[in-house]
Amino acid sequence: MIDKRVESVAEAVADIPNGATVMIGGFGEAGSPIELIHALIDQGAKDLTVVNNNTGSGEVGLAALIKAERVARMICSFPRTANSTVFPELYRAGKTELELVPQGTLAERIRAGGAGIPAFYTPTSFGTPLQASKEVRSFGGREYVMEHGLVADFALIKCERADRYGNLVYNKTARNFSPVMATAATTTIVQTKKIVEPGDLEPEAVVTPSIFVHRIVTVPAPLIESELVAAGATYP
Amino acid sequence: MIDKRVESVAEAVADIPNGATVMIGGFGEAGSPIELIHALIDQGAKDLTVVNNNTGSGEVGLAALIKAERVARMICSFPRTANSTVFPELYRAGKTELELVPQGTLAERIRAGGAGIPAFYTPTSFGTPLQASKEVRSFGGREYVMEHGLVADFALIKCERADRYGNLVYNKTARNFSPVMATAATTTIVQTKKIVEPGDLEPEAVVTPSIFVHRIVTVPAPLIESELVAAGATYP
Amino acid sequence: MTTTQALGWTREQMAQRAAVDIPNGAYVNLGIGIPELVAKYVPEGREVIYHTENGLLGMGPTPGPGEGDPELINAGKRQVTSIRGAAFFHHADSFVMIRGGHIDLCVLGAMQVAQNGDLANWSTGAPDAIPAVGGAMDLVAGVKTIHVITQHTTKTGEPKLVASCTYPLTGPGVVDRIYTDLAVINVGPEGFHVMELAPGVTFDFVKERTEGNLVPAASFVSETE
Amino acid sequence: MTTTQALGWTREQMAQRAAVDIPNGAYVNLGIGIPELVAKYVPEGREVIYHTENGLLGMGPTPGPGEGDPELINAGKRQVTSIRGAAFFHHADSFVMIRGGHIDLCVLGAMQVAQNGDLANWSTGAPDAIPAVGGAMDLVAGVKTIHVITQHTTKTGEPKLVASCTYPLTGPGVVDRIYTDLAVINVGPEGFHVMELAPGVTFDFVKERTEGNLVPAASFVSETE
């Protein structure tokens, strides 16, 4: 029998080594796998390269991982949001590197990584400082920038419902980067609010097919980042 | 109000000009928009470039369009199936050109066309005759072939249910190429078995969002190609 | 340089003026800030579908108190609703819509717009700034028409419509039209073409506050005349 | 050259032997022909998920009479079923699974396999042939492990395991293991490594019918000894 469920968030992230590249789902708090991130803080892995659209908020979740100085390098599109103070401090102090990628290019690079596409051309960023040092090429009279596929050792994502095979559905805009990250990681680790029986997810409506998922842990009532931030919570 | 419905298949395809590039959904008979294809035969457009995985079966649907000598050029991965005799004859007679594309490359080229990606690299076909004359490039020690995005003037596709905005869901493996073709055509024309009210399609389960759809015509009980072929039917 | 004081359009009026130009049936992406206000001013009888790059087509208004879902947000990370007929999708598919040229119109804020349509709206280029770009470069590269809403000058009175951007570009030659507190301006062959002036504002008043080449458009409408 | 006559494994036995090597939990794509027979022989207690490139993960067996749907088919365009826990997706997503290296194992037919693992299975290269490739080139380029099931020789007794393919390639150096009617053979550093022989078949018998370099593997098992 195929059963990708594991008992705890601690077990789910236990083998993430120092220096790993970790994609973390979520756009702001929507879809952020906060319990998996906290388990990663507890686990202690450091020198991580983290891929996420942002850099977290307050001092919980991704921001707490950054504050604990576990992140050597961030790959993201928008490291500056309301309540985001942790990353800017470490970045200015030279303790964390930043690779800034336009949001659509970030999504497409992750998709390409998962799709076995090593590189592609995009019009995005042509003629801007983010094009600097990248290869430019003309197709049909327009200029495009070459971008590379992005893969990771691990992906940490959150979903709404999952079955034991690893079929996933999400909640509204919490979907965001998670389906493409699931395709681009060697090991995709999922926290789900609910486990259902195989067949309970309508096969036409599965968003992430099971082939992209390796471990599933149930977190029935995940923490809500904005509530924690408003309360001034910190982790650990 | 946004209402993309049109009254008839004839009206839906009326403006397809000679020389147009037309993507036609379907893998074999599954998902083939047979009524739209027959309407295109009636309409008379010729010198078409047609993109489809196959070349039809028997003498109905896509095969009938080819037999009527309206297709100057086929772009497909598998122009040879059981009951597929029309295309081979015209191909051998030099009346139809063929661009043979591996199935995954065909799907990815269409997706790229719809995604504003002019070109990408794929490992598929490297070291084979289909790589001939294409640019090869090494990434990470492996060789890849450069392929170009593919766009069309029109896409003809079939779905199961649609709303007036153009949100679509499909039936099982009838989905196949249609969602990517919808993104890659200037004008996407859909035949649906059923029209539903906006909101009746679960927003998490919409497969083709409305932005990719331009015209919708209801064909409640479409012809079944395999039954027609078994009965020796022809069109017109 | 003179500040514009009470003369010209308010933020709400700028949004309202921009809304007039959104056609029925358009697929529209609204940037953060004043552009977010545009939706509520679209004239009655027009149906417009709003896209937000974090994965929703058919974005509705802000939810009522206690009715929001922290996982139903817009690109500005504010809670929103979805309309009947909406669709959710992942980020790569969302940027297929943007990069692939499927979105009809994007309304964005700006730090600077140059007379050739260059847009700078993501970074001052200051050495200690934390660079953050989001989806702006994808939007200007992919969306068919780019409209900008911005104050005509900075808080200190510096022109934001310039001969050439001094801030890092978001994209070259991408802006089609600009709505400021003073005027509606198209980017055209001669630079900034004034289409329309705010009540009480003269062409010369705008010109004094503009750095690039500013000309009256052929169809120029002055409400003060 | 001698034909193999009744000696060796039948088509069903070849499929059965190939099925033994499919691990529990594997995601597997089965090609058209003998590979399609493999699914029914997977040993009990193993759960295997079948992928078909036209957009289904969790393909089930052929439907009963009158129970099929002409829009639920496999890559060979035959009607199939879907299991509980299946997922449907479009073609580009299906080939993300293939090209992206997510599928564990693909079992394919062959026209020729070379001793360096080159595979030819899509075209004889004959000038009047209608070329048709389907998904074969994507599968061999992307799937982690490629197993081939084929008769050891052609109907006229020509070797299909060759020093170098004369037919156009599907992919270079892609084949890991070959199941023929005579033997189980790995592609390894010295060419064709015989892992196992069919009952009554000798190594020399196989060698006579093979064109490339054929050696006994270190772990070679001869059922005739």
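Labels for the chains are A, B, C and D, by order of writing; each one numbers its residues from 1.
The rule is short, and it goes like this: a residue touches a chain if its C-beta (ideal position, glycine included) is under 8 Å from a C-beta of that chain, and two chains touch if they have at least 3 such contacts.
Predicted model only: the values in this text are computed from it and were never measured.
Steps from chain A to chain C, minimised over paths through touching chains, total 1. The chain pair with the larger count of C-beta pairs in contact, out of B-D and A-D, is B-D.
Note: centroid distance chain C to chain D, computed from Cα atoms, is 57 Å. Distance from the chain B centre to the chain D centre is 30 Å, each centre being the mean of its Cα atoms.
Taking each chain's centre as the average of its CA atoms, chain A and chain B sit 34 Å apart. Counting partners per residue, chain B has 108, 111, 115-117, 122-123, 170, 172, 175, 203-204, 207 as the residues that reach two or more other chains. Of all residues in chain C, those touching 2 or more other chains are 82, 88-89, 95, 98-99, 141-142, listed in ascending order. By the document's touch criterion, interfaces exist between A-B, A-C, A-D, B-C, B-D. Chain C makes touch with chain B in their complex at residues 24-25, 27, 47, 49, 51, 57-58, 82-89, 93, 95-103, 141-142. Remark: chain A residues 108, 112, 115-123, 137, 139-140, 142, 144, 148, 169-170, 172, 175, 202-205, 207 touch chain B in the complex. Listing the residues of chain A that touch chain D in their complex gives 1-2, 111, 113-117, 163-165, 167, 183, 197-199, 201, 203-204, 206, 209-212.
Those residues of chain A that touch chain C in the shared complex are 27-31, 53, 77-82, 87-88, 91-92, 98, 100-108, 110-111, 122-130, 170-180, 207, 224-226.
Chain D contributes residues 52-56, 69-73, 77, 82, 88-92, 94-95, 98-99, 123, 125, 128, 130-138, 141-142, 168-172 to its touches with chain B in the complex.
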